[in-house]
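Just below sit the structures, each encoded as structure tokens.
Same chain, two partners: subunit A is paired with subunit B first, then with subunit C.
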Partner chain A sequence: MLNYLFRRLLLGLAQLLGLVIVVFLILQAVPGDPVRIMLGERVPAEYVETVRERLGLNEPMLTQLWTYLTRIVTGDLGESVTFGQSIQTLVASRMEPSAYLITYGLLLAVIFGGVLGVFAAVRSGTVADFTLRILATALLAMPAFWVGLVLALIFGIAWGLFPVSGYQPGLVGAFRTLTLPAIAIALSLVAVVLRTLRSSMKRVLDSEYIEAARARGYSENRVLARHALRNAVTPTISIVAVVVGFLIGGTAVIEQVFSIPGLGSLLVQAVERRDYPVVQAIALLAGTVVIVAGLVADLLQAALDPRVRNAIRNG
Partner chain B sequence: MAEIKFRSRLGGTWSTETKVGASIVGVVVLAALVGPILSPWEPNAPDVLGSLEPPSFAHWMGTDSVGRDVLTRTLVGTQISLLAGVLVTIATVVIGTIIGSLVAYAGGWVDAFLSRVVDTAIAIPFIVVVLATVVILGVGTFSVGVGMVVVGWAVYARLARAEVLSLREHEFIMATKSLGYSPARILFRHVIPNVIRPSLTFATMDVVAAMVVLAAMSYLGFGTQPPVADLGSIIAGGQPFLLSAWWISTLPALVLIALGVGVGMIDDGFSTGSKAKR
Partner chain C sequence: MSEHVRDDELLQISDLRIGFGAKPGEASPIVHGLSLSIGRGRILGLVGESGSGKSLTCRAVMRLLPDGGHVLSGSVIFDGRDILAMSKSEVLAFRSSEIGMVFQDPFSSLNPTRRIGSQMIEAIRNALNLSKEDAERRAVSLLEEVELPNPAAKLRMYPHELSGGMRQRVMLAIAMAARPSLLIADEPTTALDTTTQAQILELLRRIRDVDGTSILLVSHDFGVIAEMCDDVAVMYGGFIVESGPVEEVYLRPKHPYTKALIASVPTLAVPERGYRRPTIPGPPLGTTPYASGCPFAPRCALARPECEDVSMTLLPVASAHTSACPFGGE
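On to the complex of A and B.
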């Protein structure tokens, strides 16, 4: 187990290093002079040169990569040219709404996807199961921003239950302002969790040990909760990390729909302004969150599932 | 064994679910292909005097804020979205499968190194990659498409790698080696055709996913550029008029949903069908 833990951590570190290199290459891949594109045509050449110097762009590429790496490790993200602020302050000021939104969306996706997935598997083959499955594929194909617009229209404007734009800090404010956006990004992920859990639960329910448990005369609820669900949940854990990745993607769009001043809308603004260092910083942050989520999911899976544990010990 | 299973999956009888799904997809695709030819309206020609008209006999789905026929625009938009979705998926599957097969075939440090690259590529959230590509290449359908290929290949590389590793031990691959075929011939004529099939079943849903991502990017203003519009740009264009002119955003969203449900039903029908046969 310790050996696995060590190997898995090492993989996580390798992924982080890869992420930093990829993010570093964003700036290098820009055709032409990124500083010129960032500042626009009307800025004098001397100023462009100063900024180039300040960003270290005149150094050889490997030196730049090394400086970038050491800066990242010390937590220095640099300065945004177009926002006129240090990127740390900028990112920190936008962190709260996005963090709440992602957590909220994750909870919704896991709870509703989980309950409905088990329900669909238990009622497999019935009309309810079929309806849920069709509904799930429909949800997958609905663009989150359109769902957001419809939700805002019904619950925000027509019924006046929730505000349709902006963000209020604090738990109560976050609940009021983030409920509709969280539903909008969670819906398609409910479908993902539902489909995964349904198929793994169905496989478990068809297995012999479930039949054995039933033959022993255990109540159906006990069979489901104690025997089936425990075995079906572990494969689903690994997709939660994927879900986190999608949630981060979803926030960029949905924050725009509901005018939430979070990291997603900052990313969109940074792309619009061609502010490469800010795009890099957010890419780094988002990638790190997903890598850590994947790490946690794998370790959790190993801790919960004796089969995975044994496979690790023997392999 | 794997051979036989897949042949029966693609050639065998279709379940009702698959048939219904295929009909839905067929109708939408046909409408998108033929509709714009039959329509008397130009998809991108504004008519300011006839703006925001509700559905009528002349404009079946009404007009948008500058008087363009919503139905015609949606059908042309469906063409663009579908084409982009299909091209992106094909590029993703082909590139991913080739890299994955090469890596598995090469083995050794190449395999170890590229497997880590795949792990990293999968870890980066797709929107970040797509937006980074947009930042590098500039806005437009093409940049978004390239971005999606950059995100997507890794999954297929991983699939192909696993397939090749198990395939390598099969007798017919061993036979090609003893026949003295060149590695390139073995790889492209014998390995990849066998590896790509499982990926294809996986890829159908990806077409819809790619369409949805492109729609989101166009909504943000980074995808398809006006006056040309994909489904996402039409939905975005209707956003300010959701209360007064619901018809602008509704139809393109329904097209996306119909395609998603159709493809999903084809998918599910195939997977339950093949299970029943086993």
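On to the complex of A and C.
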């Protein structure tokens, strides 16, 4: 296990390095002069040059990459060109709503998808299972922003249960303002988790060691909890890591729909203003979360299933 | 039927019919009125080719028929109680302490993600009210009984770290955890090489000799049955076609199917070049649903028009030896 842990951590570091390089290249890939695009046509040429120097863009590319890397490692994200403050301050002020929204959405997707997935597998072939499958297919086809608008109309405007825009800090405020957006981004992911868990649970329930466990006189609850679920969860964990990526993407849209001042709406603003350093910082943050989610998923799987550790040791 | 219940029998199956379908009323029958009994401390062989209904019969005794499988009629009397009439909680208690089962594939019948020790201790504590420490001690002594070297170390291993033979020994140890009076072994050696197969069979026989456990041993290989069993029931197409003491049936088979099965047993002698093991000609089982008469008729060399009307009741041949073919003895 230690050997595996070490190798997986190394892989995570390599992924982070790759991420930083890709994010660095965002600026290089901008067609034309990025500084000119950021500042607009009316700014005098001397000022463009000053900003170019401040961003280090007059250096050779490899030097730029090295500077960028060392800055990132020391936690320095740089200055925003158009918001007039350091990117750290900017990102920190927008972090809370997005972090809560993603966590909330993830909890909803995992809890509801998990419970319904196990239920559908245990009741496989019944009307309940069939209904859930139809529902899952329908949910998958519904875009999050549309679900968000419908939820806002029904629960926010018609019934007045939740506010339909803005964000209030703190747990209670976050619960009030983020419930509808979290449901909107989680609904299709509930379907993803449900389907994955249902199919792996069904496969596990058909296996001989489950029959052998029943033959030993174990109660059905013990068979499900101690033998089936534990083994069926492994493939679902990888999917949950992918789900985290989708959640992050989903927040960009849904924060706009519900006017939540989070990182998603900051990203949209930064893109509109062509503030590339801010875009880079957010991309870096999102990519890091996805890489860490993948790392956690792999380590969890290895902890739960000795065959995973073994396959990697031999492979 | 109860007038035939003898008190030296541990298990008595009478007229058991099993079918598959959405509901019992719509089920198409697969096992047709099967009767057999196992004496205390005896080994009964259930032999027949794949698809004849051996595993379904075992699962009916365990009350573990797969989804869609139904017992349509009959009784399964174990030690005076009808298993088929037991409540759910009675079934759990029965499975955990009075009967043990070993499966065909030792590579898939242990949970791959849990250590041997954890699986054994779980089974032991589920059957017997023991502390964790006592259960672990018992696990070690059970592994010693099935002759696994270094048992304490084995408890910390995962199934994939053991060979097939070792895993089957672990399965046997778990099955014997509560000293059940009946052990069901459904093709326990089919997935193993011949050397390991002989060792596992030897172990089964010792379990019977030492503990007095009755064993229902399922196989498609008459050679295994002849070597291991006291009694044999030959199964074909959901019927018992012949039954009796094993040496009697092996040496003087009466049913044409039994004869064909015995002829297909490989001998220990090295076969001459060009020798081909006789196989049973005709369509294999399960290609057509059973209608009436003798199910072996499409493949039987002795088949005649009357075979379509054979009732498939077991007719006495000699003391305790019966056959369902009225024509095979001629």
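Observations, loosely collected:
In the analysis below, the second predicted complex is superposed on the first by the 310 of 315 C-alpha atoms of A that agree within 3 Å, B and C clash if a C-alpha of one lies under 4 Å from a C-alpha of the other, contacts with A are read in each partner's own complex, and residues count from 1 in each chain.
Throughout what follows, contacts are C-beta pairs under 8 Å (C-beta built on N, C-alpha and C of every residue); 3 or more make two chains touch, one makes a residue touch a chain.
This structure is a prediction, so every number in the text was calculated from the model and none was measured.
Aligning the two structures on subunit A places subunit B and subunit C side by side, free of any clash. More subunit A residues lie in contact with B than with the other chain of the pair subunit B and subunit C. With both structures placed on the common chain, the touch criterion links A:Arg54 to neither subunit B nor subunit C.
After the chain A superposition, the centres of subunit B and subunit C are separated by 80° when viewed from the C-alpha centre of subunit A, nearest 10. In the superposition on chain A, contact of A:Ala14 is made with subunit B only, not with subunit C. Contact with subunit B, but none with subunit C, is seen for A:Arg133 once the two complexes are overlaid on the shared chain.
When both complexes are overlaid on chain A, the residue A:Val22 reaches subunit B alone and has no touch with subunit C. In the superposed pair of complexes, A:Asn231 makes contact with subunit C only, with no contact to subunit B.
Touch criterion met: A:Ala212 reaches subunit C, while subunit B stays clear of it.
Of the two partner chains placed by the overlay, only subunit B lies in contact with A:Leu153; subunit C stays clear of it. Of the two partner chains placed by the overlay, only subunit B lies in contact with A:Ala286; subunit C stays clear of it.
Nearest C-alpha atoms belonging to subunit B and subunit C sit 15 Å apart in the superposition, given in whole angstrom.
Across the complex, subunit A is touched by residues 62, 64, 67, 91-97, 100-101, 103, 105, 108-114, 122-123, 126-127, 158, 160, 171, 174 of subunit C.
Residue ranges of subunit B in contact with subunit A, taken from their complex: 116-117, 119-120, 123-128, 131-132, 134-136, 205, 208-209, 212, 215-216, 219-222, 232, 235-236, 239, 242-243, 249, 253, 256-257, 259-261, 263-265, 268.
Those residues of subunit A lying in contact with subunit B across their complex are 11, 14-15, 18-19, 22, 26, 29-31, 133-134, 136-138, 140-146, 149, 153, 157, 245-246, 248-250, 252-253, 256, 267-268, 271-272, 274, 276, 279, 282-283, 286-287, 290-291, 294.
By the touch criterion stated above, subunit A contacts subunit C in their complex at residues 125, 207-209, 211-219, 222, 226-227, 230-231, 234, 304-307, 310.
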